[in-house]
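Naming follows writing order (A, B, C, D, E and F), and every chain is counted from residue 1.
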Amino acid sequence: MPTCPECSAQIGVDNEPQLNEIVQCPECGSELEVVKTSPVGLATAPDVEEDWGE
Amino acid sequence: MLRVAVVGGSGYIGGELIRILLGHPEVELCAATSNRFANRRVDSVHPNLRNVCDLTFTHPEDLGTYDVVFLAVPHLESMKQASGLLKLGDVVIDLTADFRLPDEEVFRRYYKVPHEAPELLGEFVGGLPELHRKELRDADRISVPGCMATAAILALWPVADVGLLEPDVSVDARTGSSGSGASSGPADTHSERANVLRVFAPIGHRHEAEIEQATGLRVTMTATGVDAVRGVQVLCRGRFVGEVDEKLLRTIYREYYGDEPFVRVVAQRRGVYRLPEPKILSGSNFCDVGFALDTAERRLVLIGALDNLVKGGAGNAVQSMNIRFGWPERLGLEFPGLHPN
Amino acid sequence: MLRVAVVGGSGYIGGELIRILLGHPEVELCAATSNRFANRRVDSVHPNLRNVCDLTFTHPEDLGTYDVVFLAVPHLESMKQASGLLKLGDVVIDLTADFRLPDEEVFRRYYKVPHEAPELLGEFVGGLPELHRKELRDADRISVPGCMATAAILALWPVADVGLLEPDVSVDARTGSSGSGASSGPADTHSERANVLRVFAPIGHRHEAEIEQATGLRVTMTATGVDAVRGVQVLCRGRFVGEVDEKLLRTIYREYYGDEPFVRVVAQRRGVYRLPEPKILSGSNFCDVGFALDTAERRLVLIGALDNLVKGGAGNAVQSMNIRFGWPERLGLEFPGLHPN
Amino acid sequence: MLRVAVVGGSGYIGGELIRILLGHPEVELCAATSNRFANRRVDSVHPNLRNVCDLTFTHPEDLGTYDVVFLAVPHLESMKQASGLLKLGDVVIDLTADFRLPDEEVFRRYYKVPHEAPELLGEFVGGLPELHRKELRDADRISVPGCMATAAILALWPVADVGLLEPDVSVDARTGSSGSGASSGPADTHSERANVLRVFAPIGHRHEAEIEQATGLRVTMTATGVDAVRGVQVLCRGRFVGEVDEKLLRTIYREYYGDEPFVRVVAQRRGVYRLPEPKILSGSNFCDVGFALDTAERRLVLIGALDNLVKGGAGNAVQSMNIRFGWPERLGLEFPGLHPN
Amino acid sequence: MLRVAVVGGSGYIGGELIRILLGHPEVELCAATSNRFANRRVDSVHPNLRNVCDLTFTHPEDLGTYDVVFLAVPHLESMKQASGLLKLGDVVIDLTADFRLPDEEVFRRYYKVPHEAPELLGEFVGGLPELHRKELRDADRISVPGCMATAAILALWPVADVGLLEPDVSVDARTGSSGSGASSGPADTHSERANVLRVFAPIGHRHEAEIEQATGLRVTMTATGVDAVRGVQVLCRGRFVGEVDEKLLRTIYREYYGDEPFVRVVAQRRGVYRLPEPKILSGSNFCDVGFALDTAERRLVLIGALDNLVKGGAGNAVQSMNIRFGWPERLGLEFPGLHPN
Amino acid sequence: MPTCPECSAQIGVDNEPQLNEIVQCPECGSELEVVKTSPVGLATAPDVEEDWGE
């Protein structure tokens, strides 16, 4: 199973993930991009900085 | 069906035990006690139980014997009445502070009175499944830890246990008003207690001792009352030893809590709810734990949150009972909490 | 297991539907939609569902077909997309306002736009089990009433139905912030919305029409936003005809609601919780109704309270589904609410 | 500088009087009483006055005589102790309910006890400047109306006075916890009182009588406790006679309140704060009044809001004093309130 | 009367400046700017100022020149528009973060962007009277510190300045929602922001740098959003060197703050309000500071509390202006805060 | 089954209620006194006025 490049959590992906599909890490919430298939490779997707703090 | 009873049923922990036990498929709630409300309906004190509970309160002196008895009386009362109370149940699960600290001397230091049943201290197993699941399987005397202690222990323990924490840790706890029970004094009225950030224990809170005992750390604790009814959050600050990064922390927590039904690791990079907070935990048995890392300063902030009446009390007690009787751990504890809330 | 889906899963009603359906033993939640969060995890929006729900949101266009589909989209959207949405499910339960008012003209008066699917208005059965249980048993199109309307209808209906109320009734409704959904404008920020008693509808609130239709009364309604996230309370004022005393009122309510699983009559002479209020109802599917009587002035005050997201929305929808499929009505809806809270 | 004293200085109205009088340039606060806290510092009870007030509480029996004395004792106490209390000051301003209702019988009906000083009832002038400014100029006995009554009277009076209201009016009042003073019972604790919508007076609230007396209307009143410390809001519902439109209402209110320093007419078509609400009034002496009109149904909703401890009590008392002594009315009462808050 | 203007008048700090300046006897408020609300009434945004303020907002481009100009624009805007803004006033008092940190590099590290007017950094005097009263007397460029920083600096500074603190200090800050201004995103809505204990800055909050600069300590700071509109509280934890007892601490604070008009030392052994908290500070310019001592562990907890919009912003700015012009420091800032609240 | 004299709700009492025993009405919350047994008769118990309002 592929792992999250940010936090090493195992990421469940569909049987046939599409290239450039975005999946979200269940542990750290990062958005990950499918950068290759069979086997699946994931890279951190560019993050739009959210306004959250005060 | 096992027959169970709650001593101190008119209090806040007692009420939560009643709610959970009524929904538990393996037990029958046979009695809940109150001195003040004896023979009054349980739902006249706990109005959420209208149409759900037809019981009236039993006077403590009218109790019989039961398979399991939960003690939700004020602290110091369990030890004072220990000889009587412990006879009431084959299994007794105590929620007071009285049998949490195995060391008589530590008890005296924190509670300012000598222990009245020191010979029983060794009989109790800690009612914290994450640390004591194995012993709980055949424990007949269970002592559930304090609400803030539970949150802090669950946040600190894995990192402490693998030896990554320097021993000095500060714990900053925040708690809602139900944490001090149903009692009422001039400081507890809505006008005085609403909108507070009341540092009621700037140093030396009693749960320090419980956290130290469970984690082996040296803890200095501060506690602040906030404008909430339910909920506890702890921020634990310490320094790490060796090399620590986010991945390592996640691996550790995953290893310790990956199979836990009621601990969630919450440390997100996005979204509104990135770190543990009690807002979404009311009524649920989850303890959320999370972390933040300051690599440059070699510091860690570990965060825990729970509902003080559930995972911080009644829920932990029922989870311990489930383990004791070999039932699925989630039984009776499935409510996940609400969003928004 | 029936296969179900939620359209509008990232909203507040949608989130509550997801929570309840995940705990429902007879259904499998197969999809929850969101445009904004398509492919993101459901628990990234609804953090209470962490470790409980592993789904990601589906884009509405990627939906398949299901046994039951719940529509929790903004009002006006159900009718606009009706042709597409109604094909998605064998049974469709709509939570918007779009199919609540059978009369096209009344709809236009209150919603200021013409109805876009008037031909479908007659197909929907009202998703209020207390009034429409029988029709719900074979209804394939169900329209759940508004949250404040539900509270007011359940408080008023028995007394109106037996003919004891003069037709003119005023309804004073109070609601928490979740009642307007997850949207955010300048008036919705915490700094502006906290501590409010905001009379956002001094006259002519839309739920008037629903209450009038269900009870046959003439209703003038006022709605005030209060500093709460969840919860609705209505105070209904009217005059009675004939001889009315407390016993008669109790007899009437008992007759109408004695067997109802989710309506409780709360009008107590003692205790802290004498009349219905939402404080103890968060997360529960109860609607509490109560009354006070001013014999001298021949006036009645009828009071209703509920959690707008549960009995005022998602819970009512699931209860309707339970009836439709012949399941026990309480299925998935057992959580009784919390005290204190 | 006139010498003034506050009887009942440890209560909430007393504390507010002390705060305002300390900032008043024409008076010197010489004594504030308390039985429970006699000889303790005033700021030990009212911590906002630290560094502002160096007084200690005087036991009531140790009072001398003063130019002005404010009575902020529990209701029924002013009348019971009237002979003693009225001797303490050349001018006495009573904030209890005891001398508000000139009719002994009405008093007995609402307070369930006979009046103990009926012979004094005629001596008091109502401490509501908007209605009694002229008589206040030489009044030596002033009785300040109740907090909810003040809000309702100021909202209703102009429209009633010009004869545009049908006599039957319902008043729906909402109040924070400070409205019941510093007392504490089981229903007043934070855990029980937070998050409430507690209909504590579904019918027959005592302020009905005050509103009826001031406006000549027939009032049925309901009162609900809300989760706020300060603040009162009233929604008054009635029907109008004759032709009424928005312009006419504005003209009437302008005529009655155009020159009033502390009444604002708030009925806006835009913005977040369109109708009166207490959120922005804490600490201020404003009473905001507003209205909404349902021409089709010939109905009016009149709304009032104020801080119960200021315009609903202590502020009104000081404004009355300012009038009595010919000082500018705003003296000591300039604080406008906060946004956001 | 000096002529003054507020840039950013529609924001929360701007609104508070307007409120205070309107009540200030030595200045005339001539303009308050807003882009979004230009030409609209000030009281349509700040409803507390109805009947108090007759101004309409000026578009920033339409400003003239004034004796004193206050800058309450978003951070980074002051430095970006510095050349224009600084010409507007003989004296300019900036409330943004832009000129607080004299070191360009530190600024870049905390604000992630290069400073755009580094040449001006040296011109600003810190707008914290307790530390910079002397320089403020002839300062024409004043930079007011951050709200949490002010609370922490005032709590820490005396003890640090006498050399009793070890350099490593942790600061745990809690803040209400107004601390982030009038902006609104999905995390700011009432439903999401109510009931929070949101650890939005577990490490590295920007005010760290300000506290370090003022006190010479090494600070690690955590910030948590709480369910309040106004108010900041900081808990600062450190270790002391040498012999320290309660008396010594009181002596030190007395020496530093005995003559300060707006700092109170609050560390009581009795009563409900023993340590500083913002509940009683809304609207007031006080900063309360207090302490607790753990002699055994050689630890100190120093606590500060204030209203972020007053002593944490607008009040501090006006106090600085009073010093600059030789007026009594309390001018315009007399409101002491409310109890209960 | 005996009924509440205040609200006519049916009151479940123990098989052998004691004279002067207090039971509480589930519907209106009144405290009721068992004033006779077989058959059971109930009367409203004297009510201590609780301080509740504001």
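Convention: a residue touches a chain if its C-beta (ideal position, glycine included) is under 8 Å from a C-beta of that chain, and two chains touch if they have at least 3 such contacts.
Computed from a predicted model, the values in this text were never measured in an experiment.
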item	value
Contact-graph distance - origin subunit A, target subunit F	2
Most remote chain, CA-based centroid, reference being subunit F	A
Chain pair with more C-beta contacts, C-E versus A-B	C-E
Inter-copy rotation, subunit B to subunit E, in degrees (Cα atoms; steps of 5)	180
Same-site or different-site touching of subunit C by its copy subunit D, using the half cut	same
Greatest separation from subunit B - chain, by CA centre	D
For subunit A paired with subunit E, centre-to-centre distance based on mean C-alpha positions, whole Å	41
Separation of subunit C from subunit F, taking each centre as the mean of its C-alpha atoms, in whole Å	36
Rounded Å distance, subunit A centre to subunit D centre (Cα mean)	61
Where subunit A touches two or more other chains, by residue	29, 31, 50, 52
Sequence positions of subunit C contacting 2 or more other chains	12, 44, 178, 182, 186, 191, 194-195, 227, 229, 268, 270-272, 274, 340-341
Sites on subunit C touched by subunit B in the complex	12, 15-16, 19, 22-23, 44-52, 178, 182, 229-230, 264, 266, 268, 270-273, 280-284, 286, 288, 334-341
Complex interface listing, subunit C residues touching subunit D	170, 172, 174, 186-187, 191-192, 194-199, 202-204, 220, 222, 224, 226-228, 231, 233, 235, 237, 272, 274-275, 277-279, 292-294, 297, 299, 301, 303, 305, 340-341
Contact footprint of subunit F on subunit C as seen in their complex	246-247, 250-251, 254, 265, 267-272, 274
Footprint of subunit C on subunit A - complex, ascending	12, 21-24, 26, 29, 31
In the complex, subunit B residues that touch subunit D	12, 176-178, 182-186, 188-191, 193-195, 227, 229
